[in-house]
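Here is the structure we will look at, set down as structure tokens.
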Amino acid sequence: MGKLPAFATRLNGFATRPELFWTEPNYRPGLPDLLRRAASVPGLGAVDLNYPDHLAGPSAAELKHLLDELGLRLNGFAMRYYSESAFKAGAFSNPDPAVRRRAIELTKRGIDALRAAGGDLMTIWLGQDGFDHPFQADHAALWDLVVAGLGEVAAHDPGCQISIEYKPDEPRACAVLPNAATTLLAIAATGASNLGVTLDFAHALYAGESPAMAAALIMRQSRLMGVHLNDGYGQRDDGLMVGAVHPVQTLELLRTIRRGGYDGCLYFDTFPDVAGLDPVAECAANIGTVGALYRILDRLDASNELAELLLRQDAVAAQRIVQRAMYGDA
Amino acid sequence: MGKLPAFATRLNGFATRPELFWTEPNYRPGLPDLLRRAASVPGLGAVDLNYPDHLAGPSAAELKHLLDELGLRLNGFAMRYYSESAFKAGAFSNPDPAVRRRAIELTKRGIDALRAAGGDLMTIWLGQDGFDHPFQADHAALWDLVVAGLGEVAAHDPGCQISIEYKPDEPRACAVLPNAATTLLAIAATGASNLGVTLDFAHALYAGESPAMAAALIMRQSRLMGVHLNDGYGQRDDGLMVGAVHPVQTLELLRTIRRGGYDGCLYFDTFPDVAGLDPVAECAANIGTVGALYRILDRLDASNELAELLLRQDAVAAQRIVQRAMYGDA
Amino acid sequence: MGKLPAFATRLNGFATRPELFWTEPNYRPGLPDLLRRAASVPGLGAVDLNYPDHLAGPSAAELKHLLDELGLRLNGFAMRYYSESAFKAGAFSNPDPAVRRRAIELTKRGIDALRAAGGDLMTIWLGQDGFDHPFQADHAALWDLVVAGLGEVAAHDPGCQISIEYKPDEPRACAVLPNAATTLLAIAATGASNLGVTLDFAHALYAGESPAMAAALIMRQSRLMGVHLNDGYGQRDDGLMVGAVHPVQTLELLRTIRRGGYDGCLYFDTFPDVAGLDPVAECAANIGTVGALYRILDRLDASNELAELLLRQDAVAAQRIVQRAMYGDA
Amino acid sequence: MGKLPAFATRLNGFATRPELFWTEPNYRPGLPDLLRRAASVPGLGAVDLNYPDHLAGPSAAELKHLLDELGLRLNGFAMRYYSESAFKAGAFSNPDPAVRRRAIELTKRGIDALRAAGGDLMTIWLGQDGFDHPFQADHAALWDLVVAGLGEVAAHDPGCQISIEYKPDEPRACAVLPNAATTLLAIAATGASNLGVTLDFAHALYAGESPAMAAALIMRQSRLMGVHLNDGYGQRDDGLMVGAVHPVQTLELLRTIRRGGYDGCLYFDTFPDVAGLDPVAECAANIGTVGALYRILDRLDASNELAELLLRQDAVAAQRIVQRAMYGDA
């Protein structure tokens, strides 16, 4: 089988069902605990840390030491604009210039901290930049603020990759960067070459996208810097296990990014916390599923047959090949 | 392997790409042609006919003879309220009592014709009964008309099964019977015992339902009289090949109906006509997919393990078992 | 103008932007504070309290005294199954019988506390009863557990109205009671006469319902015991201000419930907390909007013209009348 | 009041309910008939013709003469790729290079015919360019074909405006150009300066867009060349009357395009044919609604207050102003 990508995971889910991992009753795990529990998942190789919350306790040096000890690689940092309530009304597009400035400066400090920790991939999800009501914003002004903010943080450290994770909504009802194409327009508008895109499978689904088509577009127009796997029903960010609902589209996405040369992590952005699943078993199941899908991919891409059928847009023949590769022969 | 159900199919898709089946250029096939082409699909065993359009040409006796000759069984009739433009504004709930009466009488004649052809399953899809605009209807009055109409046609021939196929919209923007639960309420309101429900996989998806949960509810509260397989993206009636997008939920539906004792046909309600797919190959692919899913089901139901995990609501363990049954071991 | 209904509101939103109401920096308001701030909204007449969280501090007697002092009426209690993490996997349908029992007993204690506080309307939202993944539950078993749980709490105090608030998802991806019709089936299955339904406008929208049609169905089959107003884009529970997106459908709902004799509160279930809106101004705006819509309703229902157009399903004429009532003459 | 824009309309809806306009029973109107009936709507000033179907009968010169006689202006042509069944699998991205070539050449002939008729606005809706199934297409290849096709037809006549009307689906399940942002990326990729975008209100809604934000983005990145008004529930192309569901967002769109200097037609793309509404009355109702909305806009834009509130993102104050402008004072 071709080499598997490195697997990373959301950490906050590892606080769920603490009694399955820690003996102390009602244990409230800290970040080092979460890292230790995540490291107990066989095959997990990397983690992302949220900035600033995950960096509030241990120093970058201490974290590095712990990650080394646990055999985990730092995949990167992810910005979270939760640290002050004023960010609720916007980070890069906050109507108050002072708040906006603080959001941008926080991002720069996050980039600096990331570099100090030896990383070079900062994921930015602008969940607060958007609006809720009709007649709540001047959309052109909102756009300009977001583009200017992205340009400024990209220019802060041109050697650091800045990847924008798009999402249709949540917490705001309407995001400025809801889908891949809008994000690509914003990146082009900045002119920065160190900006790229993080594709989250469930976000793409409920943005109404074909995840594979979105990945192809991103790779054609910019750079795919991150891939989040999970699943859902296409209406919201359900955070289900990989392949639970859409294994065929997950397979199509994996094929697209592998052929396009994506060599970053596959990050599991799932929510075992919703119903209290064992996060270790849940993460192991995700790794197992992706392994199964890669074995199927190897079968599919052993010849050029599927590639030719896709160019011919022959859905029936392609369906047969894909289903045989997935479910075996009769 | 357990016995497979009988397979039936939508006929109108078999008019697509006539050049692949008929040598005459631009051939416009009639119903007997469509039946012959459908019969060429290995494994297809039954057909549904639309009333009145499919019965406009050949007599019931002629059709019966042709079906026998082709080795096809008549699964039943399906009402279509296209025969007069006044039905656009409603069949059973048309605001004009005379039009409403004609829709009900047409349905009764359809039931009579079905019985004359030796069948006993009439599928009713009330796609015209609904509304488009807010402030277009008195919803309570609309409901009463639909319930009364269903009651009247059910009483016309208590020995004939009348199955209601629900659908959220199309052609009307809002259907009176958009989902399983509303349909079950209407059936209960009639008090008729020969009414049941046809579950269409893609309709259930875009009604926001779990198809398996809808089937379980139907079997608990009424009778499941028909199952239409296809697939889609959960936003509209896409008519894709079975398993193309949602194989796991298709598998879950098949497991639910098999355990619930459903012994009717599996009817492929797919649209090879949208992009001009070869309808024979497309139908054969659907039969192949359902065969693969039944083999997976046999593996899943060989022990009681999955049933117990479902009662314990253990999603992680169930996911592992299901994916192993689908994709094999590592 | 006809008499306006009483207005109630969600309380937790009144903790937002504390600096606008309390002088102490970073003030963390308790329930009495929230009540005082809510009472400052002109025209607000009633509140719902969440059980058990809102009842954790002050006694029922103290609350009653405070409400009297503030001129607020207790509209009722609303159950929240957040008090133990085991409820995450289900309240009435929890796979663990002991947890399930605790959820039911908590509900009974909530009913008792409500009655002790002089109220007789308990709203139950079973947000935890559902599933996330395909192959996570035995749907028939889940249904039976929910129906049995509802029956038991209804039987606990037949003089107390128990109103079920349906919602398609959140926190679970798929709710057992996602829409009006399913809720009505569950109510009928219990046989209890003190069960009814709470219709939340945004929930209805993203359940794919016409809110007015849902209300008509509820009033035909059971009792409408609660109405939550808000707005959204039909994809999730956005919590926008009343009329912000769908004023016409809000108007249609108000007309339907007024003609149907609904005499309960109109409860604003909006989320000023999302972007940090002033909750007092936001609530006042909602009251203002409903007032405007009732003035429009008075104009609409001054004659029987609209009622007749709806029976004739004359969308064009009805649209003209409605728009003239809303926007005035040219 | 500020000057109203010119109104244009979809013509095919004017074949509905022929008995209301023509005395001959079951009259099947031709294009000149549809034009005459459309011209009977007071205030309608322009029409779009579909190419090639509407141009199949009368010559361009005859049409021009008829339009002059009726007092209608030709707003432009709209391409329809229905003229051969091979286009079902794609126009500009058809897998067969010969079919693709015919689609491009047909478009060029359409542009030539438009210019011969004195027009300079060609609307292109690539409804056939997309895919239905996962694993049906090589998405990057599809993208390149669409971009190349657009570039070629734009280069054919640089003096002609070519406006791309995006739409999420229908007839294909997944369009290559499903939303505004993807369309803008495609336009930028061609480098052509005579390409622009047509925004259809209902398409924008079910693309998950805020129509006003989409318009602002289009006007910032390219040119807004066409605006189609209608309404719907955000799930599909419902074709409802203007303002029937989303008057606030319609108002926000009209404000955005007026302030952005859009001076083209407002085209009613509604479907009176679905339920057999009188198309003349329906079109008149749409004109009336837009008139009412423009009067509201005049009130809103009489001062700079709303513009300032939008820059401050003050949703509550803006909501109050907008609702007062819509519904009047208490």
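A, B, C and D are the chain letters, set down in written order, and residue numbers restart from 1 in every chain.
The criterion applied here is as follows: contacts are C-beta pairs under 8 Å (C-beta built on N, C-alpha and C of every residue); 3 or more make two chains touch, one makes a residue touch a chain.
These numbers come from a predicted model, not from an experiment.
The chain pair A-B and the chain pair A-D differ in C-beta contact count, and the higher one is A-D.
Matched by residue number, over half of the contacts between the chains of A-C recur in the interface of B-D, chosen from B-D, C-D or B-C.
Of all chains, C has its CA centroid at the greatest distance from the CA centroid of chain D.
In this structure chain C contacts its sequence twin chain D using mostly the same residue numbers, the overlap exceeding half. Once the centre of each chain is set as its mean CA position, chain A and chain D turn out to be 36 Å apart.
Spacing of chain A relative to chain B, judged by their CA centroids, is 39 angstrom.
The multi-chain contact residues of chain D, meaning those touching 2 or more other chains, are 89-90, 131-134, 168, 174, 208, 233, 235, 241, 244-245, 248-249, 275, 313, 315, 319.
Put simply, chain C touches chain A in their complex at residues 85-86, 88-90, 131-134, 169-174, 206, 232-233, 235-236, 238, 240-241, 244-245, 273-276. Here chain D touches chain C in the complex through residues 208, 233-235, 241, 243-249, 275, 277-278, 281-282, 285, 288-289, 291-293, 295-296, 313, 315-317, 319-320, 323, 326-328, 330, going by the rule given at the top.
Against chain C, the residues of chain B that register as touching in their complex are 89-90, 95, 131-143, 168, 174, 178-179, 181-182, 184-185, 188, 207-208, 210, 212-213, 216-217, 219-221, 248-249, 252, 256, 306-307, 310-315, 318-319, 322.
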